[in-house]
């Protein structure tokens, strides 16, 4: 009995030993923990630094694009030029030579300028869309004819770039896009307060253009809008229905397994392959118009569907089985169970998946290149079959152009695109919260 | 074994000899048993449900073997047994909840008022309206208390108009003994209630469709003793209007609420009988071992 | 029926049940001694032994209280069912009967003192003739009954129950004889009444032993055989498993 007791009791040193052993290792453990935390913090700060860098770069480059240089020119709406007949015929007004008015105004500002070359340089200060501006004003208000007004006209991209300080004045004249005489005029105008920077509404109201000061993203925005509309209308209902069917109704057999594997694989297919598919099927086989948001939307739907289906199935499986049992136990049919209980509970997850899929579609350019949405399109599309381009493709197009003003606009377009991404993700969060508030 | 002697003087100073008589450690026992044989009377005079030779297979696994028993009208019958004995499986056969499991196959007869519930022309929707179920974990819908109770009558089209539905919801909550606690908060989510209240809400939800039989799968396993007592009291009251089948891990609970008890073991129905007989004088050794805590 | 001898999952429960049963058997052993000694004191006219028997009854009373306490504790803490419940209830009832038997032994001892006190002359041997065989019968019954309890032996318990009839008959004939003596010689009435109390006590011991035997049958078979005829008792006790 005693012997047993002795062997059962711990030797008195044991407890002390374990203490010292643990203490010895403790330092090492804490150090490992600190190291790990250090790695994590480094990784996060590195990531954040890159994000900040990217945003700073883009915003720094793109911010000036939201401002545009205007030159105040005294314009006399000379009836002999605009309306020689004096009948105020709108047709005649439309076809009148407004450029002459602009030229006359500029000559009025700098009467000392002479010679064809000099004058052409002078006229070059104003964007070539100035006559259109004047025409629009006259057509809107014919009483202007005969009057004289100081009018702010859009400056050319070169002037704009110079004013924004992006042209090095110290360079040799032959290397500079702005010659010395132009520099003199501009400085003169600037000094007399006849040059101003205003908010760039053109960026948001115009389509693409060869002239940077007239190029806008409205065409691309509308193109993106129509494309995404098609994508959403097609992929969300089909995706949700597929997810529900596969998860809740489909028998589990080889065929559904095969379908499941294929859907998962589709999500990993490079997006350009969908572009090729769209080209082959929608355009070449079905004969749908090229460059149209309709085809773009179809292609992006194909790309987004797997994402929505996978997210939808994940959302459905996360609905607790007890809710299904409760509904079935009450005598609800399968469809009632899904419709009344499972789907509402899975909706936040499905919406999040869909919106993330849509955001991906919004940022996609590769497949759209294949179906011709890369064309240079000046007109703003007014429907899903009009030729159009989308924001990322527009960015891609502008990024190729050499003019300094396009570099700005590229960054501005990127900012707008990022803005929409953030907006969509925000929407996803808001929708999820809204639905989740219903317990 | 005859070492006990009267002459062995018992010392009087308190150091009593505890081994004056030897207590035998084992006696002759029937330890092996026939897998097909159920001990006890399986029939009742006025059966509500009739189960005969029910077998359940999950894929290749024979989960339930040749179970035959009657469930009497307006009685509470308890199914007890160790985990994995098939009692829940059998309970879920009674309203065909096992249909949702693809690999599950059922043979034999289960009748509700004389109709085989596995017959082709019996619709599960109608069956589950007649045989309600309350689950182990309180699972109110993530909707308001009112909506929870109103759901069943609504999907079955049992009521005309809001007034009638209001009345039915009121009555169901009252019968479930919950009305006083939720009267003022009908629009609050069912999940905001305490566990015991949630479970009574689930019972109210089940009785709102006025079923004939209510199945309860360990209804109190997630509840504290007070909430458990309330549910047990409720079960006793419900017996007046419904037939109740309850699966429970708590033998005390089975003893308290049921009139008849069935003991399942590894897929066999071992013994069935009046609850007081099962708990004072079980006939089968396995039953005895289980209820006295000698199992395993 | 079933009585399981497998161990409980909760080992402590097994230990407590075994302790309770041992305590009852221990008490049984003490009670047996008490009877033996009480009868011996009468036989040997040993007043010291008689007083010892009387004082020792306190130990038995103490044991009864202890067993009851333990039973209540077991019921409260373990909520026994089935054979465990029957065992505890049977033991708890058996100790009541054992305690009564102890009281009867004490009563015999008191009668011994009363009979052999200095004041009156000792009784004649014929008055005490029936005491010895009856005492043997009663002691044997108790002994067998405690054995049956130790082994959970139903057959033995049935034998004990049957034996009670013999003891009752013995008592009846002894009573008739005593009445005859008293009618023959009224001077013997004083002693005869003492002897009457003694044989009555022995007869009661038999009744208590029979009660215990009935508890054993209930414990093992789950059938309540109190207040039934011997035939029914035997049939129930021997019923197939």
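Order as written gives the chain letters A, B and C; numbering starts at 1 within each chain.
Throughout what follows, a residue touches a chain if its C-beta (ideal position, glycine included) is under 8 Å from a C-beta of that chain, and two chains touch if they have at least 3 such contacts.
Small disclaimer: the values here were computed from a predicted structure and weren't measured.
If the chains shown are joined wherever they touch, the resulting network is a simple chain of contacts running from one end to the other without closing.
Comparing each chain's Cα centroid with the centroid of every protein Cα atom identifies chain B as the most central. Chain B and chain C have Cα centroids lying 45 Å from one another. With centres taken as mean Cα positions, chain C sits 101 Å from chain A. Computed centre separation for the pair chain A/chain B is 61 angstrom, with centres defined by C-alpha atoms. Residue positions of chain A touching 2 or more other chains: there are none. Of all the residues in chain A, the ones that touch chain B in their complex are 251-252, 320, 322-333, 336, 340-341, 345, 438-439.
Partner chain C is touched in their complex by these residues of chain B: 1, 4, 6, 8-10, 12, 16-27, 29-30, 251-252, 255, 279-285, 287-289, 291-296.
Looking at the complex, you find that chain B touches chain A at residues 95, 97, 100, 102, 124-129, 132-135, 137, 139-143, 151-152, 155-156, 189, 191, 202, 205-206, 209. The touching residues of chain C, counted against chain B in their complex, run 1-10, 13, 18, 21-23, 25-26, 28-30, 32-33, 36, 56, 59, 79-86, 139, 143, 146-147, 149-152, 222, 241.
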